[in-house]
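Take a look at the structure below.
Each chain carries a letter (A, B and C) given by its place in the written order, and its residues are counted from 1.
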Amino acid sequence: MARLAVENVSVSFGGIHALRDVSFDLESGAIVGLIGPNGAGKSTLLNCISGITRPTGGRVRLDGVVLSTLPPATVAGRGIGRVFQHPELVVELSVRENLMIACHRSLGYGLISELLKLPNVWAAERAAARRVDEVLDRLGLSESADLTIRNLPYGHRKLVDLGRALLMDIRFLLLDEPIAGLNESEVAKLRDLLLRVRRELGLGILVVEHNMPFVSGLCDRLVVLDLGHLIANGPPAKVLRDPKVMASYLGEDA
Amino acid sequence: MIANLIVGGLAAGCLYAMVGIAIVIVLNITDIANFAQGEMAMVTTFFAYWLLDSVGLTWWEAVPIAIFFGLVQGIVIQQVVIRPLIGSPVLSAIIATLGLNIVLNSVAGLIWGHQTYTFPSPFAFSAPFMIGTVPISVDSVVNITAGLAIVIAMTCFLRFTWIGLGLRAASQNPTVARMMGVSISRSSAIAWGLGGLVGGISGILVAPSLFLDTNLMGALLIKAFAGGVLGGLHSLIGVFLGCLALGVAENLVGAYVSPAFGEAITFIIIIAVLVVRPEGVFGRVRVRKV
Amino acid sequence: MTVATDIARPRRSLSFGAGALLLGLCFAAACAAPFVLNGYGLYVLTLTGVFALVALGLNLLTGYAGQISLCHAAFFGVGAYATAILTQKAGVPYLLSILAGALFTAAVGAIVAVPAMRLRSLYLAIATLGFGVVLQKIIFEWRSLTNGGGGLALSPPAIAGYELGASGLYFLTLAFVMLGLWGAWNVSRGRTGRALLIVKESEIAAGALGIPAARFKVIAFAISAFYAAVGGGLFAYLVRYIHPENFSVGLSIAFLSMVVIGGLGTIGGSIVGAAFYVIIPELLRGIKDAPGLVFGLLLVIVMVLMPQGLWGLVRRLGRRT
């Protein structure tokens, strides 16, 4: 049972406070929705957790170990997966090859073996290819495995991006607007997929999403940010009735 | 002694700055670093030489025509080569202008060959000015005056004229500019024209002191980029000051530190600047949104 | 900032046999060449091999990792001088000198990469241009070692006491090109090549996949410099007189044009580009500026119309038939 703790995190860019003193926990097996109006600091918080932005105050810890001083690649290596709003894939490579990129850390061979293609390279590549096949199967993309990304519909590209995160032995998954740009059936599939990986892999998932029915249907808990402050943290039914939360959303509409 | 070195450095720096200004205008409005700027200027200078030598015009007739030629040349190149590249990756545009650099150099070589020519200057035999006890050659005075005049004229042009405002709008926010009726492709053409014009002036001013040949501007282009990086490639004043600083630093380093390593040391300084402040001393940092 | 490259491969089952056959034919032709060609023809072919090595390395850096370099002529020069000095002044065997020179140059490449970790496109172009000038200047001024502007004249190369003739050096170059191709092919399809591609696409996405972009840029520069230096070590003994002026920015641009014209992000394109660069001037001999005009125009045309270069063109035609 792992625990990702956001502790008093603050971020300011040249006098503008994007996040102020935000604290909450994410346990493995939990799905937490991170919501709030535009400019509330949701993406900044994801960036803090994945090491892209350094908090100006506070820290992020994984099972007690401070993550927020580590570079992004190291944070990812510690088991924090990140899926961006727009999937950044290598468009001229196939689905399978894009997924192979994510096997980077598990392929243990060095540069010299790679240059000479020694037997350990063959073995490692075969093992990685098998894991890629498993993930392709899980994503339901086995039939598109050899299509280049250029020929792949947007919804499937987002699945490939998610697949890359799943290939990295992660314990926590950060999703930024996973259903933006997806159609109804794709949304339903993604929802099932997230519930399944939570059940099978015990992942803790933090999801930023604007679509309220999706979020409240999926998440065990919601964390609400407004202008960088954490204003609510609790079960969806309770949080969505919170007067402060309603005010912040109404304020945005007005 | 040191005053002489500084004046000489400023004069050289002004020449770098003219090429630098041409580069910055194009870079800021079209997002394309023009590695062919120097060769465009070289071709313009050869055109001026042809007017003087073969057509038999006087300096004061030939030079304005040649400068106009520089403007037209810039627009033509933009229309033929650059327009299809608008919106393509930065690296592709850099490689294409490097290709253009080679094309222009070869074309000039095919037309004018590889011998050196003496390019006349109407100021050549005038007596040097004296400021206190420091003699200042007329060439230096002309270079510094022209450099200052160009940076002031271009700044005013971009700031106070309608065309200039349109160009700035196009560079800062293409979408909004398009909605306001500014044509991006026309802005790009104007920018290339201006670049050709300013570059041409620098070529004509450089040629008398260096002899005219097809490699006239190669070194100057590198210096202009270097000075631009030093000052920040996003502002005219920045690139002007950066190039002046480069010219003076080169002269001083050459005289007091090591004559051989003068050029190399300036590049070491530039690399250091790039490492510490990748966007230049006066540059603004662009934040990429994820 | 990505250069569109096409690494989409045709269906393997169909083209693999044909590809292997073609490669075999090329290899056979390459082995037969010294017995057919005259001395000058062999020199031209060896030079093609030398440039192909540099282009292979540069393509890993520019085509795969998306990093521009305008100092590859300097890496080539450092490799040439290091090899020449080690053999001539320290009496180190030729092959060992090439290897040592290349390792040294790879270290230099890693140092050049330090600013590259933070710089993009134009700024990287200027920084590497600066490094090229500085390295060339160091070669020029370190007279005690390099003989400066006097250049270095070299006696014919020897391996294990046997003097290498023109065809000996040719076969040595051929062997290095085959090795280089094999290595570049493996890297491009292995862990490092994939990491370089994602670094080119997005450094942030690379970070999220546990791939440190900075480290892989350094690796790309080092491998690339290694290739260039091996080329340099062969070049020194091909021309047997090296001079700092040989390794100017113009040559760096030439290397870049080989890679771009051949096809960015393609292994075969590096060979085609190098061959093209050496052969065109031979076809247009007597007209000094014509080859430059052809390369310059092609650079522009490739960038505007066919980002995959000649190799992409050949492959597209091959697929159609």
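We take it that contacts are C-beta pairs under 8 Å (C-beta built on N, C-alpha and C of every residue); 3 or more make two chains touch, one makes a residue touch a chain.
Keep in mind that this is a model prediction, so the values were computed, not measured.
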| item | value |
| --- | --- |
| Chain at maximum distance from chain A, centres defined as averaged CA atoms | B |
| Chain closest to the assembly centre - both centres taken as Cα means | C |
| Approximate Å spacing (C-alpha centroids) for the pair chain A, chain B | 48 |
| Mean-CA-position distance for chain C and chain A (Å) | 40 |
| Inter-centroid spacing, chain C versus chain B (mean Cα positions, whole Å) | 32 |
| Shared interface positions of chain C, touching two or more other chains | 4, 204 |
| Shared-contact residues (touching 2 or more other chains) in chain A | 52, 84 |
| Interface hub residues of chain B, defined as touching at least two other chains | 290 |
| Touch list for chain A against partner chain C, complex | 50-52, 71-74, 76-77, 81-84, 88-90, 92-94, 97, 100-102, 104-105, 107, 109, 111, 114-117, 121, 125, 148, 164-165, 168 |
| In the complex, chain C residues that touch chain B | 1-4, 62, 66, 68, 114-115, 118-123, 125-127, 129-131, 133-134, 137-138, 140-141, 204, 249, 253, 256-257, 260, 287-293, 295-300, 303-305, 307 |
| Residues of chain C that touch chain A when the two form their complex | 4-8, 182-183, 186-187, 190-192, 194-195, 197-198, 201-202, 204-213, 219, 223, 265 |
| Contact footprint of chain C on chain B as seen in their complex | 27, 33, 81, 84-85, 88-96, 98-107, 109-110, 114, 222, 225-226, 229, 233, 260-261, 263-264, 267-268, 270-271, 274-275, 278-279, 288, 290 |
